[in-house]
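Here chain A shows up in two complexes: once beside chain B, once beside chain C.
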Partner chain A sequence: MSYWFGAKPKLSSLDLKKPGLASLLVQKTFLVNPLSALFHVGMVGALITGIIMEILYFSSWGSILNGGGWVITWVHGGLGLLTAVGFMGVLARFASSKSFRVASGRGFYIDAVLIGVIVVSGLILLLRILGILPAASGWESTIHVAATMVWLLVSLFGGGLVSHAVGTVAYSFTDGHSPVALQIFSSACSRCGKCVEVCPEYEASNGLPEQAPALKVRRYLKQFQDSASPAERKAIVEHVYACALCGLCVGVCPYAFRHYDLYMGLLRQVNRTQEGEEVRA
Partner chain B sequence: MENRSERSRRDFLKGGAAGLVTALLGGVSQPMADHSKEFAILQDTTRCSFCEKCVGACEKRHGGEHPGTFYTQVTLTYPQGKEARPLPVSTRCMHCFDSPCTRVCEGKALTKTVLGAVTWDEDRCIGCLSCVSVCPFPKSLHYEPSQGKVYKCDMCYDRIVAGANPACVDICHAYGYDSLSFGPFDEMRELGMQKAREINGVLLYPGQTHTLILFAPEALNTTMMSRLFGFTREYSVETILKADVTQVAHFGWIPVLGGLIYYGLKWRKNRIEQPPERPRKEQ
Partner chain C sequence: MKRKATLAIQDLCACDGCEVALADMGHVLLDLLDDKVDLVYAPLFMSAHDYGEVDILMLTGVARTEDDIAHLRQARQRARYIVSFGSCATFGGIPGLANLYERATLLETAYQNAPSLRVGEGTIPSELLPALTGEIRPIGAYVDVDFSLPGCPPPPRLLADFLERVLKQLPLQGERS
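The block that comes next holds the complex of A and B.
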């Protein structure tokens, strides 16, 4: 089994507590990999400076910057450059780690294409702002704004990086096992693929993607909610229930998410609706 | 005249492709019908002697604090053929009626004033280059990386409000030339049309910009003009489309914000059952 950049997953105790927001944003991001840190700092910073520029566009507060507004543009460009470098790391991880590919699913391609468009158009703008390329007319400014807005919306509902970011912040305010928290985790999951690496069920099924914990959490939860009839629900739950409840995924999950809580919750609900009584775990 | 057909073609394309979204947003800056309060600069390239006095006046007027940030530059080019006279064109902001730059400006630094001039506020400019990317006339905006800002002609707005001519026009007259002239838009347009009829030349964009440029017939080599000045005989539809797309994209925060709220509500709605509480030791 191949591990990303040779780093083996560290199994912690099953009593691992749900990390707080600071731990998720700093410890789980910065200490994992320098490129991961670059990507997160660049992306968050570029979004914040971009939002400031949007506020300037819709307000008349530009004059309070007293001529210093160009600093925002240059900082936005510099952070965008960090994002571009970090994004190279994300692509490298996608290419090198099978577990990351399995956990990401095909939604990764939507993110990759749209971020690629944003990064390339932004890089051309950055070269123009630095005076390396001549300041001339082109489509890159229009594409940069339009692609960013499209990416924010598509990635949020397509289960991409935006839903991961929004979900991570929301998950840190939950207790980690309430019904809402189970919902939120299916968005927050960072698709790191560590649970896939350690899952014995996934190993035993010869790498069947449906048995990957990260996919079960997202795919089965969605299918369960979309399917109307109890029979369909029960079929899904039977798939889910292939889990051996070993809990290794919980040990390696950066969110310390208790996957089996979700599986047991689904099973419990379908049995309650069918038979009108609880099934003991 | 032939320019009328150009204008109607552009209006048709704009009405079909780009103007639709603009109309949905409330028709942001439609060309003004009444031009009685507006002013225009008329430039007769056949009378220009390439003395570059207007460049010096512009530099004195605008570029004092930051050298290199004056806006008028006279470009000299040589048309095909040995007999042809070298063609000097003073390139500066064309002050479009339907100015794309004012619609995409991130810092609200560019304004289309009632006098026709597109003015510019240095304090508000954040140097995002949005205006440069949509400008139909590439030489009319000057980005200065050392200042991090875009500089452009504002038709010497404080001077024309006070009733004076722009600095370049005054210096042109002071040295006894009549290449540049300034006045009410209708007068300048009539004057330009009359001159164009006399020499059988062409007045560039008489109904689309507040800077009117008169070309002699021998200078109408479109390839040369587009290569050296970025001018084309046809006012660019592409830049209007770019401005409209950018303007609509800026309103993308409304669906994004709505999507975030809907997403949060979905979390609460699609809840599953509370899992049974178990002692952790039993795992």
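The block that comes next holds the complex of A and C.
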């Protein structure tokens, strides 16, 4: 690990203002990894067009397109292709960046497997439509749609990438620093690992995962709110107190999320309690 | 040819670590001072007592006293761009931990109960010193800030990159002085 004082992290902005939804989707994601931006744009577009295709398929509204439904199919296929290319980039970054792996946690594997099934089945469908593979037999389509449904549900309620997407939309409507915004961000966090890369406390602890800002935000503070045991709460407060409050995590965060406010909020909450006294002692 | 940008560094309640990081930029700082920047006020480095209007004003530290707030009130009229320089100015930093305690407790701890004092000998000053503010807040709460640079202190290479990017946004005209 390099000496943090010699580091040259890339700031996500010069003013640390909360970016808008479109800026987050394209510009800020591009700064993290250009292929990741491709993945985000492709996935959002493919999901929207996919939902439109399903609605048209199961309703009588398809007739209003007067035979033009193939346009949506092709757009969906093109966006799916972008998603596939971007997904390769996300996997490559996951393999090469320890910070990304630490921030993502093991939940990433569940998302990766399900998205992998969606992408592969989608590519087979695309090759069949293009005539490169023999005509569709139907099973790929079923797997493609079923895997998407399973991914949406599992990832939404399991705190995966869909939860990140929904959380991000919700976070974009907040002021970025109210207690509600801080709470929502624990779901919205993109797990990109940029905060982990620059955290001097994480480095000083020789890579102790509990000191990674992304994990503090997502796992520990959420646990703290959700009635953890007194011993767990004390450990969480100690990890938060270990933070040097330098704020580099805010500078590199695509959301410019104010970790500082979150930590101070927690410290204020426990300060006058017995566990706060014990930690400070 | 562009003229040099004028830069002032105003420290409020601060440890001056951010200025040390600036000095740690080494030859990059010297190159900047040669070609692009006139440093007109920085109490840690030079003996200038005041500054007029500047292109960039970097504020470090927090507004801990009413005196600091008086400096902040003047800042917007004196600078084209205001930069909150370092974690304290941007968020509150380590001094912000004082918000966890009552003001009376802070004063008693500093002037009466500190381990370096003999019990009962310390006196809380009541005159000559500016009054403490009620709460530590980011300087953005007192004055509109254009750019923010976090870090305690900001790593020198990050600081150099940040200054380059801010300087690019300055539309400087006129002959070099």
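Convention: the second predicted complex is superposed on the first by the 240 of 281 C-alpha atoms of A that agree within 3 Å, B and C clash if a C-alpha of one lies under 4 Å from a C-alpha of the other, contacts with A are read in each partner's own complex, and residues count from 1 in each chain.
The criterion applied here is as follows: a contact is a pair of C-beta atoms (placed from the backbone, for glycine too) under 8 Å apart; a residue touches a chain by one contact, two chains touch by 3 or more.
Being a predicted model, the structure only gives us computed values, none of them experimental.
After overlaying the two complexes on the shared chain, residue contacts for A:268 are found with chain B and with chain C alike. In the superposition on chain A, contact of A:57 is made with chain B only, not with chain C. Contacts of A:133 after superposition: neither chain B nor chain C is touched.
In the superposition on chain A, A:184 contacts chain B only, with no contact to chain C.
By the touch criterion defined above, A:70 lies against chain B but remains apart from chain C after alignment on the C-alpha atoms of chain A. Shared-chain residue A:142: touches chain B; no touch with chain C. Of the two partner chains, chain B is the only one that A:150 touches; chain C does not reach it. Of the two partner chains placed around the shared chain by superposition, chain B and chain C are both touched by A:247. Residues 14-15, 245, 247, 261, 264, 268 of chain A contact both chain B in one complex and chain C in the other. In the complex of the two chains, the chain A residues touching chain C come out as 4-9, 11, 14-16, 244-248, 250-251, 258, 260-261, 264, 267-268, 271. Of all residues in chain C, only 24, 87, 90-94, 96-97, 99-101, 145-152, 154-158, 161-162, 165-166 touch chain A in the complex they form. Within the complex formed with chain A, the chain B residues making contact are 104-109, 121-130, 132-136, 138, 141, 143, 145, 147-150, 230, 239, 242, 245-246, 249-250, 252-253, 255-256, 259-260, 263-264, 266-268, 270-276, 278, 280, 283.
By the touch criterion given at the top, residues 14-15, 53-54, 56-60, 62-63, 65-67, 69-74, 125, 128-131, 135-142, 145-146, 148-150, 152-153, 156-157, 163, 166, 170, 177-180, 182-184, 187, 221, 224-225, 245, 247, 261-262, 264-266, 268-269, 272, 278, 280-281 of chain A touch chain B in their complex.
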